[in-house]
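Shown below is the structure under consideration.
A, B, C, D, E and F are the chain letters, set down in written order, and residue numbers restart from 1 in every chain.
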Amino acid sequence: MAFGGFHPVSGVDLPRFAGIATFMRLPHITFDDPRLSEVEIGLIGVPWDGGTTNRPGPRHAPRQLRDCSTMVRFQNGATKVRPYDLARCADLGDVGPNPADVADSLARITAFYDKVRDAGIIPLSAGGDHLCTLPILRALAKDRPLGMVHFDSHTDLFHSYFGGFKYTHGTPFRRAVEEELLDPKRVCMIGIRGSAYDFEDRDFADAVGIRVIPIEEFHARGVDDVMAEAREIVGSAETYVSYDIDFVDPTFAPGTGTPEIGGPNSFQALQVVRALQGLNIIGADLVEVSPPVDPSGGTAFLGATILFELLCVIAESKALKLAA
Amino acid sequence: MAFGGFHPVSGVDLPRFAGIATFMRLPHITFDDPRLSEVEIGLIGVPWDGGTTNRPGPRHAPRQLRDCSTMVRFQNGATKVRPYDLARCADLGDVGPNPADVADSLARITAFYDKVRDAGIIPLSAGGDHLCTLPILRALAKDRPLGMVHFDSHTDLFHSYFGGFKYTHGTPFRRAVEEELLDPKRVCMIGIRGSAYDFEDRDFADAVGIRVIPIEEFHARGVDDVMAEAREIVGSAETYVSYDIDFVDPTFAPGTGTPEIGGPNSFQALQVVRALQGLNIIGADLVEVSPPVDPSGGTAFLGATILFELLCVIAESKALKLAA
Amino acid sequence: MAFGGFHPVSGVDLPRFAGIATFMRLPHITFDDPRLSEVEIGLIGVPWDGGTTNRPGPRHAPRQLRDCSTMVRFQNGATKVRPYDLARCADLGDVGPNPADVADSLARITAFYDKVRDAGIIPLSAGGDHLCTLPILRALAKDRPLGMVHFDSHTDLFHSYFGGFKYTHGTPFRRAVEEELLDPKRVCMIGIRGSAYDFEDRDFADAVGIRVIPIEEFHARGVDDVMAEAREIVGSAETYVSYDIDFVDPTFAPGTGTPEIGGPNSFQALQVVRALQGLNIIGADLVEVSPPVDPSGGTAFLGATILFELLCVIAESKALKLAA
Amino acid sequence: MAFGGFHPVSGVDLPRFAGIATFMRLPHITFDDPRLSEVEIGLIGVPWDGGTTNRPGPRHAPRQLRDCSTMVRFQNGATKVRPYDLARCADLGDVGPNPADVADSLARITAFYDKVRDAGIIPLSAGGDHLCTLPILRALAKDRPLGMVHFDSHTDLFHSYFGGFKYTHGTPFRRAVEEELLDPKRVCMIGIRGSAYDFEDRDFADAVGIRVIPIEEFHARGVDDVMAEAREIVGSAETYVSYDIDFVDPTFAPGTGTPEIGGPNSFQALQVVRALQGLNIIGADLVEVSPPVDPSGGTAFLGATILFELLCVIAESKALKLAA
Amino acid sequence: MAFGGFHPVSGVDLPRFAGIATFMRLPHITFDDPRLSEVEIGLIGVPWDGGTTNRPGPRHAPRQLRDCSTMVRFQNGATKVRPYDLARCADLGDVGPNPADVADSLARITAFYDKVRDAGIIPLSAGGDHLCTLPILRALAKDRPLGMVHFDSHTDLFHSYFGGFKYTHGTPFRRAVEEELLDPKRVCMIGIRGSAYDFEDRDFADAVGIRVIPIEEFHARGVDDVMAEAREIVGSAETYVSYDIDFVDPTFAPGTGTPEIGGPNSFQALQVVRALQGLNIIGADLVEVSPPVDPSGGTAFLGATILFELLCVIAESKALKLAA
Amino acid sequence: MAFGGFHPVSGVDLPRFAGIATFMRLPHITFDDPRLSEVEIGLIGVPWDGGTTNRPGPRHAPRQLRDCSTMVRFQNGATKVRPYDLARCADLGDVGPNPADVADSLARITAFYDKVRDAGIIPLSAGGDHLCTLPILRALAKDRPLGMVHFDSHTDLFHSYFGGFKYTHGTPFRRAVEEELLDPKRVCMIGIRGSAYDFEDRDFADAVGIRVIPIEEFHARGVDDVMAEAREIVGSAETYVSYDIDFVDPTFAPGTGTPEIGGPNSFQALQVVRALQGLNIIGADLVEVSPPVDPSGGTAFLGATILFELLCVIAESKALKLAA
């Protein structure tokens, strides 16, 4: 069919199980497509899990997330936002990683996002493991540190693994702070929990001023209170949002490699995103969905719904800025 | 073994995994059985999903629900009700649908329920998809509109699909209102959520006076408050209860074709039924359980437990009427 | 619906996924039913696995086999036999076992089959584990030893387990020979394979004259040659057929507790039964299907097809005897 | 990336799990794309199972087949054919069906294939259930009957179901013969087996001259002999190939709705296609893959490999014709 | 590698998926090992489900729990306790049961725990079904009755099953009270729910003074309030903790044989254990995890986390006593 | 229990589902154990899949293989060999890899096998992906090239991937020939099949003299003929055996990352190993079992059985050499 504009195909026209699966049923726009310049928000897959120290699998997430995202419709039932009326959106395809080499993959990812940034497109990314966020930040935060709202059960602030190896999915934000891609004073980590080997990561957070909100505090205070603090921490300056699916309790999101018992439920998983409304978001990602661990697709469907909620707040934020 | 009255087989006599699976291990009574006239509440399967626009499967639900219902015992742990001491119950078997024709299936279902109604039996039905409720209502509400408590994540009030097709699982209650099977002023829909293409269904609800309680309101107000309002809306007149399993959060009830993230948990899934105690219920159904999507049977076990809770409130309501 | 004679419900009338699941969609006839005296072949479930020394589960097999048997139609595609035109068949329900006591369960099973034998019904049984065959033989071979064709990967001729315990699914035929329920000279075991602790079982077989055909010989000689020998061994006298699903290669029949690599494929699994045509079969069983190990139902569907093939040869054999 | 010609993406450049999944990683060409006129072979999905009388699911097959087809590389390991060097191939997307109406869906499918035929493209289709083949034939065989090689466990030659309904997945070839879309003398059906209700279909085949090769004959004669006969039956005139995945034994292809025990293994499943080399094939399909019954994707991977083998013989046949 | 002391292997040294799986990656110490005398807390598997009246499987739990426990690290994220710094812990292996005999298995289990008790080791056990707790108590409470905190959806206080059989997983605490292994006044049962056949168990509880807190009360009062009462009931005297995984809602813990809808979520599942801090715990178990019902391992991972929480409170309690 | 010699625990003493899972239930002997010097054959896990270019997972294989290997008994049913009577066997544990670095992992594996070689132990290894074989060969073939019998669907002879990366599971034998670890004239690759990108690997094989037997030839000639040739190629000199589970047809061995349709069945999978009897085998491995792709364990059970067959031929070969 002819290009129908930057709008998803409707399930009333073509059933949702039909058609080639792109993110949200959006048009696929490649870098050499003349319409690229019109795109405002780009959904991108990063099919790579080379930083995974335990159970692999997130390299398969972009394809499963695309599949499940075809179940999502146009307007947000809770917030009434219609993102495709607010911003031109497209599926920009996948970064091509090198499964056999960590350093080469990091370079390939940054190169891809350099182009996205240069095209003025806000990237909404689907990992991949959490190490993927580091090369994305290297492109987006090239010239100044960003704030970050980080949903996760782990801080990912460790120094190294296996005798000094510095690039794993447990280390990206240590590196990002070291490389001045993040302003630690404007970083808030929410949902941290689970057993640990030591306190090295928490000590680092304390030392540089990252605010860590453990899950016990989250459950005690509730979504509204916690998110009000998070909004205050990042403020109105440029902010990145990184959402590790293991933030959510593993019963609601079993498809992930390093689950930790006792997280938020699925309603809260959406509420925390809705509470980002109005922030100055210049990029976001959803990482660590691992299809081999949940072939049912339940986790990916939750993930696709979170991506849609992120898309809504980004599109609304963008529309507000234009209006201002 | 000899006919033991309208009572389930006990697991202390015959282990629950043994024996031919009928609903709740009740006797199977067919229309030509002389004992039919004694039955007060009939459990019926409607193995049909011809109205499904997305992922099919509910045609397989009656068999899986029968299997899982053999796990349920005689008395309600929370309310202490012993339904089989209050009413004569039986499994009336399945309606025979026509998988290859929507109109013929609708006619077959209504014909079956005409007989049930004429026999003075209160039907407790296990779908099938939600379009099954329409032909049931055509039999039960033949001569006057009913009130309805409707648990669901969707309103099922849409006008048509795929260019004007009026009979799908997204349209039954639009038809039921048009056909005056339901009194919209006495209809309450609870748990509505998820993304949407437009507001057509909600506009219709507003226009005819159906009360829609979205999930955000449900979570904010709590079960007791919401159900008090629902009870008030339907009042003491004749009421139908329609329970779509996708009312429940998909983590608790993954086995369904059109899940929406963020619904009630399994305890709330039972609480809302218990809160129907004392209403004038003349029929009820549980629909949209889809075994191919949850072969583990977890969803069907929840469904069987919901059926038992529905049976308890119906039996108690019936006993109260007789006592009055 | 009214009793339609001893004939299954057709899928052209009622779709095969609809209706309460009995074996082959046959009528359920209980011991107190006046029609019992008309039944010639009775399908019976024995939901018990109390003799299982490794992975439990066959207690769940009768229900899953009933479910899958609703997929089987009326006439045999290969042999053209229409069993329901040759013999009156019914589902006699399940034996009620005692999951918490081996001796009590053995007694209950024999008591059930005493009634079946006394009613002149040929039993076609669905286990349960292989220990179930012993109490069945105690009823059927009460007054004279039987011949037996035994399909299995194990001989089940061991003496005892765990320090002298004599009743497990590894010992039924040792007991049956000791109790003179089987005439070892008329017993043929086909498909034996897998690793072993010692040769005790094989030494016993040799000592009493049981013919054991290992899988290597089966593959080398082929179905026709092996089955010709088996037919010769049991001859024209009364014969029991015991079919352990683990005879079949575990890829074709994964749902079993003690699989052994390298067995026959699914076509051969049916061919060996067809080769029993004309034998004087006075009972048969299919055992060791374990639903928890194959929730997909693939193994049970193969099992239900094997039951149908057994039914065909029994019905044909019965018809021939009547004609003689 | 820029359009790279009608050639799949290589896994050495982009890992096979990465990228938006199209059939064989081919470019997606829509009807309004100017490159459409260059396409010689079009892969098309028909996500519709409205004719299914038993277990639904094939509507989901095109997406799962696309996913699994990304595992297939460029050249055939057995025949050495490199199809993309012989013909310009593309993914033409999916036909948009109407899940709620059989007649409308049949019309939509035929309309789609009318365009394909008019564009001079040979369609290689992925169903959908077997009723999909009828509307395809209505387009391709509009002006003269075709020959057909048909791999299946069922003849699909029945007259009607459920009291006269003529359009189900058990009737397409009865209709096709009646409508003179097929020349029954040039039709060969291979692999037929399983239980049946009656012989109506086989009687029809005999009456009109369709050659039916049951599975027992297939196993006895072997692939080479059977396929030599099939080639002779269809001869050098225009021929359609219809491959129902349930031709293959259900252990090798569990993901289908109406399995029958005892079919060919996976090696034979490929061999029969390779034996079509040199025929005058003007279209082909693979139908009845049902993802909900095999979420592992094993059946779809076999299906994708069969599609590749079909693509190889079609491309080679086309190249030979051009050379002639 | 050399014996590294009573400390788990770290995942930073050896990835958590590597190595032979012992409980918590602790050293395996057998009864004949000279280091046995140094062990203070012993993790023990009881792979037996001979008391199961419904769906079997817990015999497989110790192995799956060991596997999943390798995911748990050293220090408690919520309470900051580092148990291996407080007590010498080891995996003592499995009790060897007799799957074919209930009485023999009960005797074997008690004999094993007699040795554990005599060695002065606090046992933390992984069942097995709930009947396993009885023979453990026979060893630990040999000379005086104990108090007990019991998390479960069932009281397990029934008298007998199947016509008088007294030893099943529904009767252990009836026996334990009769045998004076438990002081009923110091027993608190939390989370009781689900349908029932009668009130026999609850009547017994009332008669002997066991405190039963049904789930409705649990949800209404909250964890803190309920656990304060439980702590008061057992007081400072010696106490056993028995945790049936079916205490947790079956969505969070599907891998169990007798699930009941509506229990606590996974966060609460951990909170109730943390609330045992400071009690005088002389043994604990986690029972009824059934791997065949949840092969994904999600239930076992929750179970392993509960075992770790139990280990933390036991180690801390032990350390406090030593300090006192 | 006390050390019982180098012999597995018997399932007649301790049920096979009980106990900590080591390979074949053998004692776990670490490098610092004084009994190491007595070990003749060591089973070793290599939990690493860092060379995987497509679907990851083999890092989890050693644990699943250990679990399934507890099902295997002491003597070979087909060959009657009792390996533990012929050689002292032990489980040597796992190599500790570095999941985040390919080069470091290769070095760690070689270092481990250097010790094994120096201890005079024949290693029987369980991968891991096929790249694991390279560092093993670097230890075993340090001082002279070996012959190799290689069962696989791929040659693994490619030069490089992703723009020049030389160490993936598609390249180990290219490297091994280059490094003179293998004598290509004494290498035979059996079962090769599937689609390909080009003929680079086959051209290399031809150039250096490796004999490649494609699957079509294997099926046409049969096991005996093919294996006779393989035995002739490697002769009586020192030989390594590398068995990739994807040699077997994916229906029989679905749990692998790069399946190819049309391989040997499970009986042939064992026959080819038995045909190695008498060769001078100095090491062997089984690789590419991927548990996430087959959580049922069916593939791992086949794999454990293949390991046992390999153990039998190694033990017998060793015994023969000692006798000579």
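Following the convention adopted for this analysis, a contact is a pair of C-beta atoms (placed from the backbone, for glycine too) under 8 Å apart; a residue touches a chain by one contact, two chains touch by 3 or more.
Just so it is clear, the model here is predicted, and its values are computed rather than measured.
Looking at chain D and chain E, the chains in contact with each of them are A, B, C, F. Note on connectivity: the fewest chain-to-chain touch steps from chain B to chain F number 2. A repeat of the D-F interface exists among B-C, C-F or E-F; more than half of the contact pairs are identical by residue number at C-F. Residue numbering shows that chain B and chain C use the same positions for more than half of their mutual interface. Taking each chain's centre as the mean of its C-alpha atoms, chain A lies 40 Å from chain D.
Note: centroid distance chain A to chain C, computed from Cα atoms, is 56 Å.
Residue positions 13, 15, 17, 53-55, 59-60, 99, 161-162, 251, 265, 293, 296 of chain B each touch two or more of the other chains. The touch graph of the protein chains shown belongs to none of the named shapes. Every pair of chains that touch is listed here: A-B, A-D, A-E, A-F, B-C, B-D, B-E, C-D, C-E, C-F, D-F, E-F. By the touch rule above, chain B contacts chain C in their complex via residues 1-2, 13-15, 17-22, 28, 30-32, 45, 47, 59-60, 62-63, 66-67, 91, 93-97, 99, 295-296.
Taken in their complex, chain D has these residues touching chain F: 10-13, 15-17, 71-78, 251-252, 265-267, 269-270, 296, 298, 301-302, 305, 308. Taken in their complex, chain D has these residues touching chain B: 49-57, 59-60, 98-102, 104, 161-163, 165, 167-168, 292-293.
Residues of chain C that touch chain F in their complex: 53-55, 161-162, 192-199, 214-216, 219, 249-251, 254, 258-263, 265, 293.
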